[in-house]
Amino acid sequence: MKTFSLDENEQREHFAWFTTIPTRWNDNDQYGHVNNVVYYNFFELAIMKYLVEASGLDVVKGSSLAFTAENGCRYHRSVQFPQVVDCGLRVVKIGNSSVRYELGVFVQGDEKAAATGFVVDVFVDSKTELPISIPVDIKQALQRLIV
Amino acid sequence: MKTFSLDENEQREHFAWFTTIPTRWNDNDQYGHVNNVVYYNFFELAIMKYLVEASGLDVVKGSSLAFTAENGCRYHRSVQFPQVVDCGLRVVKIGNSSVRYELGVFVQGDEKAAATGFVVDVFVDSKTELPISIPVDIKQALQRLIV
Amino acid sequence: MKTFSLDENEQREHFAWFTTIPTRWNDNDQYGHVNNVVYYNFFELAIMKYLVEASGLDVVKGSSLAFTAENGCRYHRSVQFPQVVDCGLRVVKIGNSSVRYELGVFVQGDEKAAATGFVVDVFVDSKTELPISIPVDIKQALQRLIV
Amino acid sequence: MKTFSLDENEQREHFAWFTTIPTRWNDNDQYGHVNNVVYYNFFELAIMKYLVEASGLDVVKGSSLAFTAENGCRYHRSVQFPQVVDCGLRVVKIGNSSVRYELGVFVQGDEKAAATGFVVDVFVDSKTELPISIPVDIKQALQRLIV
């Protein structure tokens, strides 16, 4: 498994899967840029969309949920509505209950990452909210994101 | 100018311009549906995107801004991440300073409106924040939205 | 039951219950004011907080949910972070399954409403999502909001 | 200057300044907890509110802005509307243009942190958006947050 810098040198080819996200007017904050908080929305959207598509995860009524234990982001250059971004996703570590994703946000037409970050999610039982072993279908979907 | 019902009988052909909006994980509220508040984000996004594309409005540093004076929405059927919606836009009244937009949100593949609503915007000078006559470029762009 | 104007002449004494809401940095949009969409967050927060406090509604795991069927808002004067607002709530109509709330947002220290609006909610069964008669505890709580 | 763990052992007394934040209905995500993204809203709100109060920073029209270069958060226990949280703030490093804040979110009545995190902000000129030396008034306000 490769080690990545998670900084402004990250490139599109370092990520295994992408989703396209049009920015929204309300993503801009009063400085006229997409607010830093919004990138975490992009991260969560990318992860959940991948899981739904790749593993059939039922994000509303499924028996397992993914709770975020830790996340972080570095901001390299600003993004602005109405730009469209591609959010790239890869997996760098799969544990018994947890997974570490790394993500890169690229403005369409731009090879340099606008932001890079990571998310550590823990899978829990939807009733007890206690950690569980990652379900097989999801684990296989996660393994396909290792680059 | 036609009169519309602004209810669940609104159809795609009643709108003059559309923008496609993928829902985001965080659009869902704790009931597992896109929250009612989010539709107003869709409305604002559609209006601003149209103005940027059709009139070259500089939404960040332009000399005129659009302030919302009134808006409203009716919810006909629920939408859920990761569905994609088309937000339709038309103009039904253009005054000296103000414009009334009407909007319809349609899930892709669905002919029936999930929600219908309206927005009344007033154009103001970006420095004084006082109403101004709608700039000519914008007025022409708005007139093209009358159905 | 009185009839109200729901316009800028609404006063604090026209509302039956208030909750205090500090604005957040991210409530401001790129024009430097609390964005119009955010007022609907205030409305939903006020209604839900009242129901939790007055009727013991379990907003997460209760057997009945409140779905919004329609809402609307008029904006009279701008609000800006870090101002604190009081959101006033009253009930003007209680049906078998539905209720019509009216709300006013007042900046602290200001007698004039910054915004006024309404919300029509329908109570549904949390499993079937079909309309139900308003549960007795909730109905009694709603009746106390009639002014 | 002390070194902190930034984990679940952080206590209220490790922070220099607090602001009280009532959660909002829409802070809860579809798992019924305050969504991880919202904590970054709390962080930004706390930092901006402190700067406005302590240094007179004009967050809308001032000559200097604070751009976020990096942030991160660890989630220790869940929070749920309508709980009220206290967000604690301290400064651990002041550079020429940048500052590193650390934050802790505590549910009222709870001594254990629900979440802990950090934010690195860079001060920039509001016109050129290039880094500047931290203005004296702001620097003094930041120094008072060192614990």
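For clarity, chains are labelled A, B, C and D in written order, and residue numbers in each chain start from 1.
The rule we apply is simple: a residue touches a chain if its C-beta (ideal position, glycine included) is under 8 Å from a C-beta of that chain, and two chains touch if they have at least 3 such contacts.
Quantities reported herein were computed from a predicted structural model and do not represent experimental measurements.
J.: When the contacting C-beta pairs are counted for B-D and for A-B, which pair yields the higher total?
T.: Looking at B-D and A-B side by side, A-B shows more C-beta contacts.
J.: Please indicate which chain is farthest from chain C, where distance is taken between mean Cα coordinates of the chains.
T.: Between chain C and the rest, the longest centre separation is with A.
J.: Please report how many Å separate the Cα centroid of chain B from that of chain C, as a whole number.
T.: 23
J.: Roughly how far is chain B from chain D, going centre to centre by Cα mean, in whole Å?
T.: 34
J.: How many angstrom between the C-alpha centroids of chain B and chain A?
T.: Roughly 29 Å separates the two chain centres.
J.: Indicate the residues of chain A shared as contacts by at least two other chains.
T.: Those would be 25-26, 28, 30-32, 35, 37, 41, 44, 59-60.
J.: Residue numbers of chain A touching chain C in their complex, please.
T.: Per the stated touch rule, the residues are 25-26, 28-32, 35, 37.
J.: Help me check something: in the complex, which residues belonging to chain C touch chain B?
T.: Those in contact with chain B are residues 30-31, 35-37, 40-41, 44, 59-60, 65, 67-75, 78, 129.
J.: Report the residues of chain B in contact with chain A in the complex, numbered from low to high.
T.: Going through chain B, the ones touching chain A are 20-22, 24-26, 28, 32, 41, 44-45, 48-49, 52-53, 59-61, 80-82.
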